[in-house]
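Each of the next two complexes has subunit A plus one more chain, namely subunit B in the first and subunit C in the second.
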Partner chain A sequence: MDIDASYSFGRRGEEMEDVWDETLNLETKFYQEGYADGHAHGQLHGLYEGRELGQEKAWEVWEEVGYMEGFALFWVDMLAAGEDAGKGRSKDARAISHARQLLALIETFPTTNPTTAPATSATATSASAAPATPSSSSDQAPSSESAPALPDQGDTEPDLILLLSSIRARYKLLCSSLGVRPRLLAAAGKDGSSGAGVENDGDVQVVVQTEGVVQEIEGPMKGVDTRMLRY
Partner chain B sequence: MPQLQLIASPQSHAEPAWAVAFNPKRNLLASCSTDKTVRLYSYSLPSSSKPVHQHAFPSASSDKPVIHHVKTIETEHKRTIRSLAWAPSGKTLATGSFDSTVAIWEELDGDGDEGEEEGQEGVYKPKAPTKVSGDVDMDDDDGDEGQGERDVKEWECVTTLEGHESECKTVGWSADGALLASCSRDKSVWVWEVQPDSDFECIAVLMEHSQDVKNLSWHPHEEILASASYDSHIHMQWDDPDGDWCIFQKLHPKLPLSQINIPRSDAAASPSQGQISAYNSLVTALLPTPEEREAETYLNVPPLLEDETVWSLAWSPCGRFLASGGDLGGIRIWARTGNNPDSPFVEIAHTAAHSRSCFTLAWAQGGTLLAAGGLGILASAGADGKIIVWQITTPVSADGAEADAPSKKPKVSIAPIAAIREAHGVADVNCVSWLQREDGGGQGVLASCADDGSVKVWRVVADAE
Partner chain C sequence: MDSDDDWLEAGPSNQGSSADPLVEQEYQRLATRYTDAGYREGITDGKLTTLQEGFDSSFAASVPPSRRLGQVRGQANALLAYLTRSTPGTSSARASTSMSGPVYLAELVEAARELVQDLARVKRVQVLSRDIERERHEQEEHGGEDVFELEPTEEREMEGLEDALGSLGQKAKANGSDEVREGQLLDVFEYRLKALKGRLRA
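Up next is the complex of A and B:
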């Protein structure tokens, strides 16, 4: 029987063509299925990881900024009391004005994450991520955002890195005018664990500091101490 | 053709010397080093030191200034002293150290009631004059008083300024001495205001560099501060009348290198023997030797494409130009476009100078007269061990005025007039500083210090010996 498949015609020919197509395209079909599957999976996990990272960073940033705010508030009260009592010195006047300027700067620091527009991606760096409320465009995986955050996106978006560094500069200035050494690292927490993940006082402390280490998420973030990923 | 003549090599540090500076009011030179000390040298100018013509450098055979070491200040700094600066009054010395502090030093009066101030640290206990055997300096009066000078008394640390988080790289006083600036590896520039009683109040912390801030320099008359950083930018800062210190411009170098233009005119027309030899020495100093050329081709180092660190800054005495030295050894000139304190600067020239990093620049009056377009003499030195002296001039239009409307880009021409290779042997030259006195004496006297701890004093002479 020398039936040449390529010359098949009629209904029987079509079936034979389909059969050939199927077998020949098997590879492609599985590839596409696998790809689609993995892509969706990756998107989902990327979103989770992004939210996790965002929460982490937000906590760290605000730990520092909050400390400075509390510090400034305290000193404003202390020095204002001195001023009222008529015992203020010119140095204190300088310190108060630095403290008030610091508070003003901190006021401008955003506490909410603006809703990401569907078309544009990076309107907020992870340093600004607030409590991770799912935004309306949550199908957009943060891991696919590759555009860097622009310093000035419209009137509403301050440059956060710049703002953070000017807050820190103002804080150092305040410390200098008060004669106080600024605390260099992000906080000791209530459990007495040290910040920045650099100092390990012993095994117990390391275990306690798991808040900084990503444990739950599978993938490249596992076991990474995100506090080492400072911005 | 001018030349650089070595006039003194006083006994100095055993470890790398990082900075030298002449006291603007007194006959003192200071140097600082990794050995945590500051050395003071006294100098005396020959009585005939005033140049006959304002633009003429002295002859090589004329009397030389005499320099010798008079005091070593053992500071309480815990690490290398990286920088020092004299206040314009000549009474106060600031030292910046790798231990992240800046110390302020004043000389004790005879009755010893010099500043017992708050924050006083490191009271200097007077030591017997150091006697070191095996001196090799030209004058062996180590530790004695200066010739015909009043005694150099003890120096005391009256204040220590803390605040930087890591190594302090440079300190500098503003033109009127009311402000002191310090910059550090922690990417910040701090500005301190001098209060009465040696009290210093920090009035600004600027953290806008993204990397280590290597150098800073104040404008010669106004309160404008330039800071240079490893991030290849120069930030121009001023005290905005609206209330705060801020940066009004960030300079980023862009111009490509242009080759050194060694002037030939003097040697070409009726050359004297001295002129020929001086010209030859300039050429030998600046151009690579056959061995060096061979070594370069053999090594085949591809040119660096990344942005280069800005290591050094120097303002022109007139205040309209800023020179910066980079990691690739080139010198750039920036010109101010306008007369306001916050007028922007533009890059107008970039000349090849050194084969390695240009660590230091110093710009002073001298050379071609101001009326003829002279902007002064610029000294540069760096890791290639060379010291080069440049004459900088600006074209003058027919009516004698400066040829540029503020909106046009000014032009300058930079030409080397004297050079020395291996000024301190194989050691990198870390700092150069011109002697600049109000009476104009000692023009063309230059001090330099290097990684081998040596301090040398040179002068620009009109002809070869």
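Up next is the complex of A and C:
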């Protein structure tokens, strides 16, 4: 009887545990199902929102750079004729030299986000980690994304800011040697009377950098559903 | 005694079984709560895995058209500046082009100014390609609502304002079906610029 009693008691305990396990499992199961659905949906939104941001930034940076490029191209075209004919004046010669230097600088300005390669590999790893448990893949995604991008971060980011500001400076030199008022957009960005303008110029470059995007969005992203990130 | 029994047996006889509506209710509550929590975390993590990829690919694709429009704008503005440089004798520019008089110059200036103004009205969304995939997704999953609303910034507010003002002026363009955009739009402007430059040299 004693044995029987303890046996039945043991059984009861196991049953109780099973019930608890099942409840816990149920919670985990629901969570994982929700996570998988959300992750799939989030991947789509990340893609769309990334694209939108990419368009915004490409437009912001390259419309301005393109403008300065077109401006320089036109003047090289116009003034070179006079230069060849030998009737170029010293002022025109200076303008041409500014314009050519401006064009050379623009040639070196990157047309793609410099961290493209690491970013794609990060996407690949997190995609392969998708079937893993939610906690492990959520740990993995941000770290794998930020780690490989780090090395070139230090080199390229200041270079881009520097390059853009030297392009703008050269453009202004060209303008003043021509006696032409520089475009308002560039003028506002450079000697910006408002602090916002200056700040904004910095932002442009930060966001072109992968790290800038990933780091800066992380804060506002937390717990954010479909709202977009600020940077 | 009866009332005590009533109290004890207040629930239906299947209390605690799977057919108990309370159990069902609790199950649903649990399901909703944990599924939602998982979904919320999942969507955030999922976003992070593709955000960069989307940014990089669209950045690379958007640079050439943005640059082209910028170039046309820059050239058109330079052309206008060239034609209207006020300082007399600053350059051989006007003298060297064989213009047949002030009337011709005025016409040219007018055409250049018009081009500059038309170019200034061009908006980003007209030049860069639409995200058809995203538009379809918005239609199908979110009832056509713009769920991707970005954090408002000064620039975005300006764009929105311009859109609103623009649509007041020209309702015909609202359906956008016959709107000239992207590569075609750039072609048109580049053609107009080229024609102007040709007239300058003539």
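In the analysis below, the second predicted complex is superposed on the first by the 118 of 231 C-alpha atoms of A that agree within 3 Å, B and C clash if a C-alpha of one lies under 4 Å from a C-alpha of the other, contacts with A are read in each partner's own complex, and residues count from 1 in each chain.
Simple rule for what comes next: contacts are C-beta pairs under 8 Å (C-beta built on N, C-alpha and C of every residue); 3 or more make two chains touch, one makes a residue touch a chain.
This is a predicted model, so every value here is computed, not measured.
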First (subunit B), second (subunit C), both or neither touched by A:S177: first
Could you look at A:G34 and tell me whether it touches subunit B, subunit C, both or neither (first, second, both, neither)? second
With both complexes superposed on chain A, which partner does A:L163 reach: first (subunit B), second (subunit C), both or neither? neither
Would you check which partner chain A:L102 touches, where first means subunit B only, second means subunit C only, and both and neither mean what they say? neither
Let me test your reading of the model: by the given contact rule, A:A81 touches which partner, first (subunit B), second (subunit C), both or neither? second
I'd like to know which partner A:K91 touches here: subunit B for first, subunit C for second, both or neither. both
Could you look at A:Y67 and tell me whether it touches subunit B, subunit C, both or neither (first, second, both, neither)? second
Would you mind checking which one, subunit B or subunit C, touches more residues on subunit A? C
Please write out, lowest number first, the residues of subunit A touched by both subunit B and subunit C across the two complexes. 91, 181
Spell out the residues on subunit B that touch subunit A in their complex, using ranges where they run on. 162-163, 165, 188, 190, 201-208
Mind listing the subunit A positions that touch subunit B in their complex? 91, 94, 165-166, 168-170, 172-173, 175-177, 181, 184
Taking the complex as given, what residues does subunit A use to touch subunit C? 26-28, 30-75, 78-79, 81-82, 87, 89, 91-92, 111-113, 115-116, 119-120, 122-123, 126-127, 134, 137-138, 141-142, 145, 178-181, 183, 196, 208, 210, 213-214, 217-218, 220-230
Subunit A partner, complex, touching residues on subunit C are 30-31, 33-64, 66-79, 81-82, 85, 87, 90-93, 96, 124, 127-128, 131, 133-134, 137, 141, 147-151, 153-155
